[in-house]
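Letters are used for the chains, namely A, B, C and D, taken in the order the chains are written, and counting of residues starts over at 1 for each.
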Amino acid sequence: MNYLCLDLFLTDIILLGTMKKLVQDFEVLQRKELNDDHFVLDVKALEPLPEIRPGQFVNVLVKDSNTTFLRRPLSIHFVDYERNTISLYIKKIGDGTKKLGELKEGDSLNIVYPLGNQYSIPNNANTLLVGGGCGVAPLLYLAKHLKEAGNNVTTLLGVRSEKDAVELDAYKEYGNILVTTEDGSFGEKGYPTQHSILEKEKFDYVFTCGPEPMMKAVAAYSAQNNIPCEVSLENTMACGFGACLCCVTETTEGNKCTCTEGPVFNINDLKW
Amino acid sequence: MNYLCLDLFLTDIILLGTMKKLVQDFEVLQRKELNDDHFVLDVKALEPLPEIRPGQFVNVLVKDSNTTFLRRPLSIHFVDYERNTISLYIKKIGDGTKKLGELKEGDSLNIVYPLGNQYSIPNNANTLLVGGGCGVAPLLYLAKHLKEAGNNVTTLLGVRSEKDAVELDAYKEYGNILVTTEDGSFGEKGYPTQHSILEKEKFDYVFTCGPEPMMKAVAAYSAQNNIPCEVSLENTMACGFGACLCCVTETTEGNKCTCTEGPVFNINDLKW
Amino acid sequence: MVNLGVKLKDLSLKNPVMTASGTFGFGEEFEDFIDLSNLGGILVKGTTRHHREGNPYPRMAETPSGMLNAVGLQNKGVENFCKDIYPRIKHYDTNILVNVSGSVIEDYVETAAMINELEHIPAIELNISCPNVKEGGMAFGTSCASAASVVKAVREVYKKHLMVKLSPNVTDITEIAKAVEAEGADSVSLINTLLGMAIDAETRKPLLSTVTGGLSGPAVKPVALRMVWQVFNAVNIPIVGLGGIMNAKDAIEFILAGATAIQIGTANFIDPQVTEKVVVGIEEYMKRHNVQDINDLIGALQIQ
Amino acid sequence: MVNLGVKLKDLSLKNPVMTASGTFGFGEEFEDFIDLSNLGGILVKGTTRHHREGNPYPRMAETPSGMLNAVGLQNKGVENFCKDIYPRIKHYDTNILVNVSGSVIEDYVETAAMINELEHIPAIELNISCPNVKEGGMAFGTSCASAASVVKAVREVYKKHLMVKLSPNVTDITEIAKAVEAEGADSVSLINTLLGMAIDAETRKPLLSTVTGGLSGPAVKPVALRMVWQVFNAVNIPIVGLGGIMNAKDAIEFILAGATAIQIGTANFIDPQVTEKVVVGIEEYMKRHNVQDINDLIGALQIQ
């Protein structure tokens, strides 16, 4: 890797300002409980889905919650064009996500989408995806796209303990899947950045999403090893489509809008 | 009827300040749809029910509604001590009552009760109960009590059309049931105060609950005929138990608290 | 065991949880639901020199996450309070504070003087901020001069703890707070209700007989928190924070913003047991965060 | 066919539904969702004399039935607006109003003067009420003298429709309204956000980088309605009402209280199509109530 290459890579983060945004009712197809507080929601569009890129997110309306006022942003976990569905990978945090966890087959869910930019997709490279917590959400769809572009894909998930190591088979479809657990009950013990694979293998690209401390550790590893690295950031969002300017991320070029100029950022642009 | 008797009757409206009020979770046993917008909700107490008098009401907490903040007051439609249940007769008005109409078996409902005073119960008299709209709610339990005290009970319901003439069999258990419909599709055509029974029969006591214009017409009929008459009033209620003073009814003795000194009032006390 | 006790100057509360005036009757209305002795204090109904019938029906309207009221200080007057009600409630094992309201300064003074004589009432809360009375009331709380004058006059006759309840319907609440502090207020409580209004689009009529009324409940919490924090940075007397507190988390937020004690109002209508639950919740929070003394949380907001 | 058209003095709107500044970007952000030509007008982002980076993260916190923001007028400055943005949006078949903000009077004046030259901008909204900027901003809107002085100065250079946006964070909004009317404001819009605050009890930190921020959404609707009604009874210029409008029913309430037009802000975030829906809903309401002309509803609140 050299800097020239890195620069090219930077421009790969395409601003998708030209993709038409929609507000539509979806139908809940199924809710899969993954463990105590994580679940996957498959929702079916009533019209054919538009093109959706890995790293993009949706903003969902939570009905029937006394305490939820704004929509809730959620990464797009997977898109199945055959079934015309989007999958969301959700962690129950407060009343909004709890109410989403009570949706059942046939319920309707109002969604604004597709929002945000996307992860870059290199070709024929050795790629590493690092996820933690509900930050794993966008990685599955990313893995699929990376594989389709001829990349070698390794997904490394950091979780607390065995019961949180979920959906491993899904990732396996697109490459190698590795796990670290904090309590050592599964995979290697420790945090993802302590996994032995990082010493054994040399990656060309790193993509990460998860708790900020984890992403910062991954960014540090990437910077040290001169590997281009993209992170997906969260922020406080009111609209999700560039209207409110509430979701500012500080970058080397000044304040950027996380919901339209992100959520995916190259670590070189961040003031980390 | 003479005024002496009327005075005695007035004092029958007992203030139930000494009945202990409770706040408890109930379990929904069943929801019976009566027609498009009315339903009956049977809820089971987890502890033995206290004494509940006809005319009293409950204040229920509506969960999972983005727009409902305060509790919703509802008359006690029926009490079944054997099943340990209270029945509520509810009309869907806004989001609060709509959400109650989505409760299903096993759901829990938080209730503050028993609230308010009660209808007077005479003995061995000829009593008329006049209800309209969801104002019929307290009359079924009242009819039961009246019958048990040896009264002759005639219930007269005023509804819009045949499909609104519901639960007639339930009232029949305690006496005679008559109906007026506005469109003449069932019973006599017109308003309850136009029913022929009022000319044919002489009543000793009248009890009414329903839309204010109907109650005022019933009150006028009673006053003209010198029949003691009790009405159950609605009001804007925040607490339901005398703490907020938001539910004032103007009486001949000054402002009274509808939730503790009512909801049942003798028409002679009202400035109608 | 964590310490929940706080002091408003000389006035000791076993915990920071009080009730808000006008939402808790005389305490009696809640005896079926909770044990009053578990509370730091109760504020009884707004009391005036003379009997008041209050405003006509309708007096209440629900609003998004809140409610408007236009009760208008319905009460039987201070003489009735001293004679009939005080004997009934004076045994409560908690601080009983009387909320004193008026239309003219003399009324405030006479009412306060009478309550000064009641052994088991350790403090009054001077309501210079009620939006629901025609003359006086809120007007006193919306200018420094009038706020100062009523506090000064009452201070002369009232010898125990004098809490002054501030109106949020002002450009700068810190000025009013400083003015009443200068006249000898022992503490300030805030906020009273925000002046609001609701309309029924179908009937084209106001939902309150008085057209405008007082807004309370969670809707006002952000404004209340802001004002508590502003006043905390402006005065040296203790602050009692209120406005939209529904649970222990909300109460902690007010304490972090600078409140020594808090009051719970509208929430009592939705859960008549909420006050006891908030006491328990504060204790749980302290244990979870390893805080030994509630006093360590007062104004402990971390601003970087 | 019912008539939905209203006039703000010389400014004709095809219907009373406008968007609130800072919540609608430059309109472009909503082109995927609605047809802008269906609206009475759009208010573009708060524009200042010079580029502003706005406040640091975090800038937003959800509150009960509302939200707090601390954007702090992030914008690229009026020159950028005239050069880059105006050419992109000037073709919109609706009234485009620019919300003009500043820290010192000269900034307001220079910005207004530049926008005066833009053919397709028939009006500006002078924001003397933003709570999220350190100097100036809200301070201008909270005293009659300063409000008057900024309006007076801008009036001298700005020849088209001058709308002045009032702050709700004042003791008496009618005084400010009268002061700006006296200096030649063509209309007033109200309310801007209420100053509020939110705290994370777990981290003991404020939820906004600026500690306090502006409260908007249905939580503030009762306060906004009250102020519109008060100002309607105090001035003769038309009023644009806003604050918590989520649907046509809310819009009708503001019109009944005295607003000639309304603006929709926060609701755009929750339903980006809400503005079009409100236009349709107002029309439905009029048909249901047999009202031929929307102007018959303005201030038509029935007080008995």
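As a working rule, contacts are C-beta pairs under 8 Å (C-beta built on N, C-alpha and C of every residue); 3 or more make two chains touch, one makes a residue touch a chain.
Model, not experiment: these values are computed from the prediction.
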(request) Could you name all chains that are in contact with chain A and with chain D at the same time? (result) none
(message) Quick check for the class: compute each chain's Cα centroid; which one is farthest from the centroid of chain C?
(response) A
(message) Please tell me the distance, in whole Å, between the geometric centres of chain B and chain C computed from their C-alpha atoms.
(response) 36
(request) For chain B and chain D, let me know how many angstrom lie between their CA-based centres, rounded off. (result) 47
(request) Could you give the separation in Å between the centres of chain A and chain B, each centre being the mean of its C-alpha atoms? (result) 56
(request) Round to the nearest whole Å and give the separation of the Cα centres of chain C and chain D. (result) 34
(request) Could you list which residues of chain C touch at least two other chains? (result) 63-66, 217
(message) At least two partner chains per residue is the criterion; list those residues in chain A.
(response) 68-69
(request) Make each chain a node and each touching pair an edge, then name the shape: line, ring, star, complete, other. (result) ring
(request) Would you mind giving me the full set of chain pairs in touch? (result) A-B, A-D, B-C, C-D
(request) Write out the stretch or stretches of chain C touching chain D in their complex. (result) 63-66, 68, 142-143, 169-172, 194-199, 201, 203-206, 211-212, 215, 217-223, 225-226, 229, 244, 249, 252-253, 256-257, 285, 300-304
(message) Please output the residues of chain B touching chain A within their complex, sorted ascending.
(response) 63-66, 68-69, 99
(request) In the complex, go through chain D and note every residue touching chain A. (result) 22-25, 29-30, 32-33, 45, 53-67, 69, 71, 74, 217, 266, 268-273
(request) Using the touch definition up top, name the residues of chain A that touch chain D in the complex. (result) 20-23, 61, 67-71, 112, 235-250, 254-255
